[in-house]
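To keep things clear, I will list the structure first and then write my remarks on it.
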Amino acid sequence: MRLGRVIGRVWSTVKSRQFEGRKLLVIQPISADGKDTGQEFVAADAIGAGAGETIYWCRGKEAALAFLPDQVCSDATVVGIVDSIHTGKG
Amino acid sequence: MRLGRVIGRVWSTVKSRQFEGRKLLVIQPISADGKDTGQEFVAADAIGAGAGETIYWCRGKEAALAFLPDQVCSDATVVGIVDSIHTGKG
Amino acid sequence: MRLGRVIGRVWSTVKSRQFEGRKLLVIQPISADGKDTGQEFVAADAIGAGAGETIYWCRGKEAALAFLPDQVCSDATVVGIVDSIHTGKG
Amino acid sequence: MRLGRVIGRVWSTVKSRQFEGRKLLVIQPISADGKDTGQEFVAADAIGAGAGETIYWCRGKEAALAFLPDQVCSDATVVGIVDSIHTGKG
Amino acid sequence: MRLGRVIGRVWSTVKSRQFEGRKLLVIQPISADGKDTGQEFVAADAIGAGAGETIYWCRGKEAALAFLPDQVCSDATVVGIVDSIHTGKG
């Protein structure tokens, strides 16, 4: 899983019916110390994350597993909100 | 899912029979503010997207899920057309 | 799917039995306007592509789906030969 | 699989229920000679690894397989602790 | 599939039980003309490759398929030894 911050939303009328009723978030990937680390992208929300929150997300087949038993063709899904991170770096 | 813009089409006669009748689009990946961000690629179309439209696409196994119950060996599929994006950046 | 050009073949005696009788091609990834874009790699051939042809290939689980009902542990498979590409770029 | 070093943990209350009771580690990817090689990320722990240990982890669908028969939407899982590495380099 | 050269081994006592009895190799990715092309990594061995041999490996779900009917959470598996490569380049 990767760390990220919720920075926005995407609205979409024409879409795969598997995405009906799913919230689509714009995510900025970040490092463990909160720095931006790459290109923002669109993720489906599995847990109710909101703007500004630090989250972790998974990708690939696992991103779809998060919605079981529903079949959702998501390749990036927000699966948790971070309370705190402790690392031994620095 | 990643954001992209439809910039073209691919025509192909000899192909896996799983692609029969599927439209193949050339997609330019873009950022949330519309800038080109990488190499263009070929995606299967699951929703009827057309030239110039801003779309989001998924990759990997999820790209194939978009065509269920059909089995299609697509690793990149256009799954939605973007109406609008709001981000807190800038 | 990504675009590529067939630039060679690999011969291999000791291999996973799932690859028995499969042709292995060396593929150079290219852009929509035919420029080399990355490292060459080895792909299984699902359609009968030959040297010099422009093809598109898929990767990941989808690369294996191309051989159904056979189970082949390929992570990169040539699934179509390109007749022509039209893009609005340039 | 890739090599890494456990450098921290993530605490998270709101998360996919598939992650209930799973330990989340912060992993620094490293090379065979122990140098940092990329961005740290979050992995689920399948074997009981602790801070400072050199581990190897797998990603993608395989990261979820490590928890079978449980269904866990992890895309990065620590699957082994390294005792020693021998390479012919250098 | 990607080309690589076997440059070492990893020994590991604490590991996912799916890896019991599997040989873990350190692989240096190489190009078709034998040059190093990226970071070394750890792969499971499905065919009996040894030190110094040029091999090709697959990744993702396909890396796990190579061990069927066994379920092994490998995301990188050596699936063939290269006898020779012919490319039209150079």
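Note that the chains take the letters A, B, C, D and E in the order they are written out, and that residue 1 is the start of every chain.
One rule holds in what follows: a residue touches a chain if its C-beta (ideal position, glycine included) is under 8 Å from a C-beta of that chain, and two chains touch if they have at least 3 such contacts.
Keep in mind that this is a model prediction, so the values were computed, not measured.
Looking at chain A and chain E, the chains that touch each of them are D. Matching the C-alpha atoms of chain B with those of chain D calls for a turn of 145 degrees, to the nearest 5. If each chain is reduced to the centroid of its CA atoms, chain C and chain D end up 31 Å from each other. In this assembly, the C-alpha centroid of chain B lies 19 Å from the C-alpha centroid of chain C.
Contact of a single residue of chain C with at least two other chains is seen at positions 59-61, 63. The ring of touching chains, read from chain D in the direction of chain E, comes out as D, E, C, B, A.
Within the complex, the chain B residues that touch chain C are 7-16, 18-19, 24, 26, 28, 39-44, 51-52, 59-61, 63-64, 71-76.
For chain C in complex with chain B, the residues that touch the partner chain are 1-3, 31-32, 37, 46-49, 56, 58-63, 65-66, 68, 77, 79-89.
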